[in-house]
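What follows is chain A paired twice: with chain B in the first complex and chain C in the second.
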Partner chain A sequence: MTEDEVYRASTQYRLWSFTPHALASLRAGTHALAAEKVTAARRSKRDVVSRPSAEGNGVDSNGAEEGRDASGGVANAADEVECLTLAEAQQLVDFYCSKAIELCNHLKWPAAVKATALQYLRRFYLSASPLTYPPSTIIKPTIFLANKTENHNLSLDEYAAKAKATRDQILAPEFIVSQGLRFTFDVRHPLRGLPGAYMELLSLADGTAEVLEGVGKTAEELQEELMALPHDTKKANGASAAEKAADVPSLKRRIHTAYIAANKALETTALLTDVYFLYTPSQIMFAALLLADTPLTTFYLTTKLPPASPLLPRIRAAIESCARILRAGPHIVSQAEASRLKAKLERCRDQDKLDLVGLDRALKRDGREEDVVTESVAKRRKLEREMSAREGEELFGPEIGRRA
Partner chain B sequence: MAMSPTETVAPSSNTKNTVVRTKPPKAPQTSNSSATNHDKPRTAPAPQLFESLNDEEKRKYVKDKQVGKGTYADVFVGHFASSPSTKIAIKKIRFNADFKDGISMDTIREIRALQELRHPNIIALYSVFSSKNQNLNLVLEYCPRGDLMELIRDTDNVHYGTADIKAWMGMLCRAVWFCHENFILHRDIKPNNLLIAADGELKLADFGLARSFAEPETRMTYNMTTRFYRPPELFYQARHYSGVVDVWSVGCVMAELVLRFPFIQGDTDIETANKISETIGTPTEDNWPGVTQLKAYLAPTNVVPVKRKPFYMDLFSSLGSSGVDLMMSMFALDPRKRATSKQVLQHEWWQQEPRPSRKEDLPKRGGGVEVMGDDLKRRGGELPAEGRADKVARKIDFGAMKK
Partner chain C sequence: MSRLAQRSGPPAARREGEEDDVCPVCKSSRYLNPNMRFLVNPECYHRIKNKFRKQTFEDIQVEREVDIRRRVAEVFNRREDDFNSLLDYNNYLNDVEDITYNLINKIDLDESERKLASYASRNQQTISLNVQKSLQESQNREARQVLEKEQARIRREAARREEQEEKRDREEGRRDVINMLASSDGDASRIAREGQQAVLKRSKTRQAAIQKQQQALSSDSSNGAPNGGFFIQGLKTKVEPVDEGPYDPFQGFSDKRKYFVQQNRYAWDRLDRLQKDTNWTAGGYDFREFCSRTLCEAFSGLGVFIGEEVTRTDPAFVGSVATVAAAEAGAGSKDIMMEDPF
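Then we have the complex of A and B:
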């Protein structure tokens, strides 16, 4: 079984990879369904309300009635609720994604947890609309879920305190989010492959690389070519753009610089765009490297595949188109615009889902009786194991650099 | 490392997915199932809000009677609504009143791992849905023939030889290799988590402790694996461990298949760690550089030299010399010297005589009779207190074997 086959068996490929067109129509479809529900609910409510007062002052009293519910008084005159548009809904999601990154950075969480949380958010909003589940209520629970699935194991209480939310606010939507993720929790990150690529580049620089069959060059030859590589001309890096990497140490510095830049792109830009939906992790990783140092990455690619490989043009095209998305970056609206969108959302959101905490509590209350569990010794043991494991993580956790 | 850009197609092209993998039974499936639409090209699914996806999923399965009980779940046999003859297992996660942090970690781990792992020797997860009140249900491949522990323990009725052991071990090792290839550690490999499917295929199950080891710096917890199958680095609380923790457990299963009782047993962690030291050898700086630096390393009072081949040949001669080599490679104390799951699969033992039994010829439990629901009585991982295994174990005095 090849790496490709392993990847294609993953849920990321099976459920969460799309053509740009499929992705767009999925979002459009979701938005249309949610908007229709909001409008229909609004309309039926209006019918009910308007019937008794129809002969009286009509529109005005209806409007007052409606304004109590949600509308800010703009929509009540018109027959239709003014809904967030598809584009606006997506802008709002993107805006909250950038807020989610800020929160993860504030918590000083590992990149993998942050990246998973972000991808969860983006996946969730493929089959759920902000109209139904406003991002403001979803991001904190989603980040906590990623904390669990990535085995980061910050306890709920600690998290709630740090994220400035109540336990209920974090837990109530957890199930909804999991459902929206279709219970697929694994996310394959391009970040994972980057250190490996970095090591390979370093060994190419050292002239000690293991050369793939079919590449047709020795490690020494590759090293020489690498040393002779020009710098990225498009980047006006002042002096360094002019000079050539003549020796191994400066070559390694160059590789390191590219690695750092690629890493940054993967921790930010890649998480705020659609690249995870459109490309494989390795393509995204290469795209990030390509942006960081085009000649270096183009060369590196030739060492990964025989020059005659019929795949090469296709792979290169995929990497380049991914790099274009990364270069363009996310379009995050301003705080002011976000506030406007939030206000608009408040007027058109799904009234059935206003109180997620209350809904969840009701569900759990009903559920408990059906499922009362007689406490078994074994279960206790298992939980204790879990708890002591967690304590272990907490007590000894922070010393990641223990080996150093 | 998944970084060669050798994807044959950009994921954005709509080519047909050609990967062969385990398919759910032939019951009709619609494209909305979270776990079953893997063979469909990824065109845009008909837009549907996720709540209705779940309801649709739920309606596809019918629960019948209970067949098992785990620490945190009840297991039912059931069938597809559209195909009553196609059996499935439904693992219904019990609401866990003690776990206050939402969906329990066990559940998350199990679902996360099984969603990714599609392999003939790993229990297939067809779907996950929630029933009312947020109960999680895992729809699994049904394994009507019990687990490997039952076969190992039933020395009266179940008889098997090296060819059978090789067949079971082969299936187990392929499953473990596949997990590792996907950066997933199982961490709880033991005979009662190895289920037997209707066709005799062995299925690695119970991924409640599984976790990803993708991040090289991930900190790990050490008190996971069931004690008898736990490698020494976990007793010493090594913080960074890898796939070879599972390989140790696989070695324990291999030994147990021959002995028909657990190879390394102890009532407490310390006792079991001591048993490793007595049975396999005492970890020292010589055989395991750095071991004395591990957090919970206890300086031994009595250093037992690492056992050599004749010791294993005495106990496991039926496996043959190369079978014993393989087992010894799985029992290397130093995790860095232990065979990886890939190396295990590359071992020459698999190619040698006897050839592994065909799965349809493998022994069945109880000599063939199907005893439904008897798992309800047994707690996972526990030995019958006065069981046969116990008595046999007492007969072999490991202490006396020290050279």
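Then we have the complex of A and C:
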């Protein structure tokens, strides 16, 4: 199995890879459906409310609330359809993604957990809309889910205390999120491969690398070429652009700098953009390296494939287009803008999904409180217990005397 | 000539009218020399000349026919289970019989000989295989016969022994009774009855033991005997298994990588440091595992172009999204009860 076949076998390739167009249409479809539902619900509610008020009775507590809502909304009929737009919804998701990064950094979690959590969030919001499930209620459970799937194993209570949430708030949306993730919890991160590229580059610099067949150069030749590489001229670092890496230690320093820069890009920028959906982990990793040190990465790529390989220009094109996305970076809205979006979201939320905790409880335990047993249930249990005790006694039949 | 014949073996059993046999060369006859043997040349079926063989049949034509049949049967030794159906086998036998008949009656002699020779040369392997098979069968048959004889002998001996023992028991019982009668002053008829019972008991136990032995013997024979004389009809022609080449336990799976060759050591000081750290190495952690994984991750999907390969709209995904959305859109929907996406 070559590396490409390994990747083609993954769920990330099979379920979570899209062309840009497919990705956009998927998001648009999800948003349209959610918005339609919210609008329809509001319209039907207005109909229901307006009719009893015309008759002048039938105002229960619920109706009163809705009536207030409706009376406020009569004036602005246009407000009825003023949902978050698709772009705004996406901005809100991106904003909460950056918040999730902050939370993970605050918890001092490994990058793998952070990256997985972020990817879960982005994957979840492909098939779910913030209108239905507001990101504020979803990020903490999702991060906890990633904590579990990445084997980080912080306990629920500790996490709840640190994340300032209740146990139920963290656990209730977990199944919904899992379903949105289509129960595929494996995420292939470019972060994991970066040390591999780093140590190969170091070995190349050392002249001890084992060269692939078909490249047609010895390790020493490659080392010399690496030494002669020019510095990145695009970087506005005039001093280092002039000098050339003459010796192995400075070459290794250069590689290390590129590694650190690429790592940083993969831990932040790559997580906040759509590159995971559009490119393979290897291409993302190369793109991050390319941004960090273009000549070095271009050279490194030539050691991976024979010079005449038709694959080489295609790979280069993919990496460069990925690098463009990474260079542009995510567009995270300001805190003020986010507050405005949040307020707007509160007005157009899906009313059925306001109380996720309650919904979850209703489904899991028939709406009962945990550890609270009703009288009828207690009675039934007692009867069952007695019955089973009796059966246990009579396992080998009734007593001999009684039979006679 | 006749002397030469005499030397070649003991005299055969007498046939009727042997006295009339006269050697066509030396004109000597059995009348004068009853020990004289006539030998037959299997080439020309004159009873003289240089090559001799013992004559079995009176009629020299029969002798010749038997020889021809034997020669043909050595070549055409196909067995019934080589054929798909009985009809095929019978057709084959018919063809063989045609050749044999031609050879015996000297019809198209050259043609028949040619057929025989060409078949023999073309089917050497099958012929020798079938020869081996029949050899094996006759060996098995002989072995079975030997075994049966041996068992019969054992049975006979056991019967004889049993008879002797019974006799001895009866004698002993009689002696015991007489002794008892002599030594004790009990009831004579009772003592006699007891003595009889003792004899009866002993013979019973012996019979039980013999039965057991016989059972063991018979079960031995049913296991050990080869299943000769029992046919399975309609056997297919054996299809030689095609050569599958050397055995591949992984069925073509290879762990070869496309984009890297794993080295034993990488010039990464951090890795060197950790490899010397007992905290890591004590548990048996192999850093090559880390290297192989991180390198595989580094290049997994390098040559995969999502933009070109994932142009199809994944029906499974689109469908599931539709169900999710539908479940969400449906009024009063039970979201968690939405259909399983898979």
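Here is the rule we go by: the second predicted complex is superposed on the first by the 338 of 404 C-alpha atoms of A that agree within 3 Å, B and C clash if a C-alpha of one lies under 4 Å from a C-alpha of the other, contacts with A are read in each partner's own complex, and residues count from 1 in each chain.
Heads up, the rule we're going with is that a contact is a pair of C-beta atoms (placed from the backbone, for glycine too) under 8 Å apart; a residue touches a chain by one contact, two chains touch by 3 or more.
Everything numeric here is computed off the predicted structure, so don't read it as measured data.
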Quick one: is A:353 in contact with chain B, with chain C, with both, or with neither? Answer first, second, both or neither.
second
Could you figure out whether chain B or chain C reaches more residues of chain A?
B
First (chain B), second (chain C), both or neither touched by A:148
first
Now for A:22: first (chain B), second (chain C), both, or neither, which partner does it touch?
both
For A:202, using the defined touch cut-off, is the partner it touches chain B, chain C, both, or neither? Pick first, second, both or neither.
second
For A:108 in the superposed arrangement: first (chain B), second (chain C), both or neither?
neither
Going by the contact rule set out at the top, does A:132 touch chain B (first), chain C (second), both, or neither?
both
Given the touch rule stated above, what does A:164 touch, chain B (first), chain C (second), both, or neither?
neither
Footprint overlap on chain A, comparing chain B with chain C:
1-4, 6-8, 10, 13-15, 17-20, 22, 26, 29-30, 33-34, 127-129, 132, 175, 179-180, 182-183, 188-189, 192-197, 278-283, 285-286, 304-305, 311, 314-315, 318, 360, 363
Give every residue of chain C touching chain A within the complex, in rising order.
253-263, 265-268, 271, 291, 293-307, 310-311, 313-314, 316-317, 320-321, 324-326, 328-329, 331-336, 338, 341-342
In the complex, chain A touches chain C at residues 1-4, 6-8, 10, 13-15, 17-20, 22, 26, 29-30, 33-34, 36-37, 40-41, 44, 126-129, 132, 175-176, 179-180, 182-183, 188-189, 192-200, 202-203, 205-206, 208-212, 278-283, 285-286, 304-305, 311, 314-315, 318, 350, 352-353, 359-360, 363
What residues on chain A touch chain B, complex-wise?
1-11, 13-15, 17-23, 25-26, 28-30, 32-34, 110, 112, 127-129, 132, 144-145, 148-151, 153, 155-156, 167, 170-171, 174-175, 178-180, 182-186, 188-189, 192-197, 278-283, 285-286, 301, 304-305, 311, 314-315, 317-319, 360, 363-364, 366-368, 370-371, 373, 376-383, 385-386, 388-390, 392-393, 396-397, 400, 402-403
Taking the touch rule as given, give the residues of chain B at its contact with chain A in the complex, in rising order.
1-14, 17, 19, 21, 34, 37-38, 42-51, 53-54, 71-72, 94-106, 108, 111-113, 115-118, 128, 130, 132-136, 178, 181-182, 211-212, 214-219, 221-224, 237, 239-240, 295, 379-380, 382
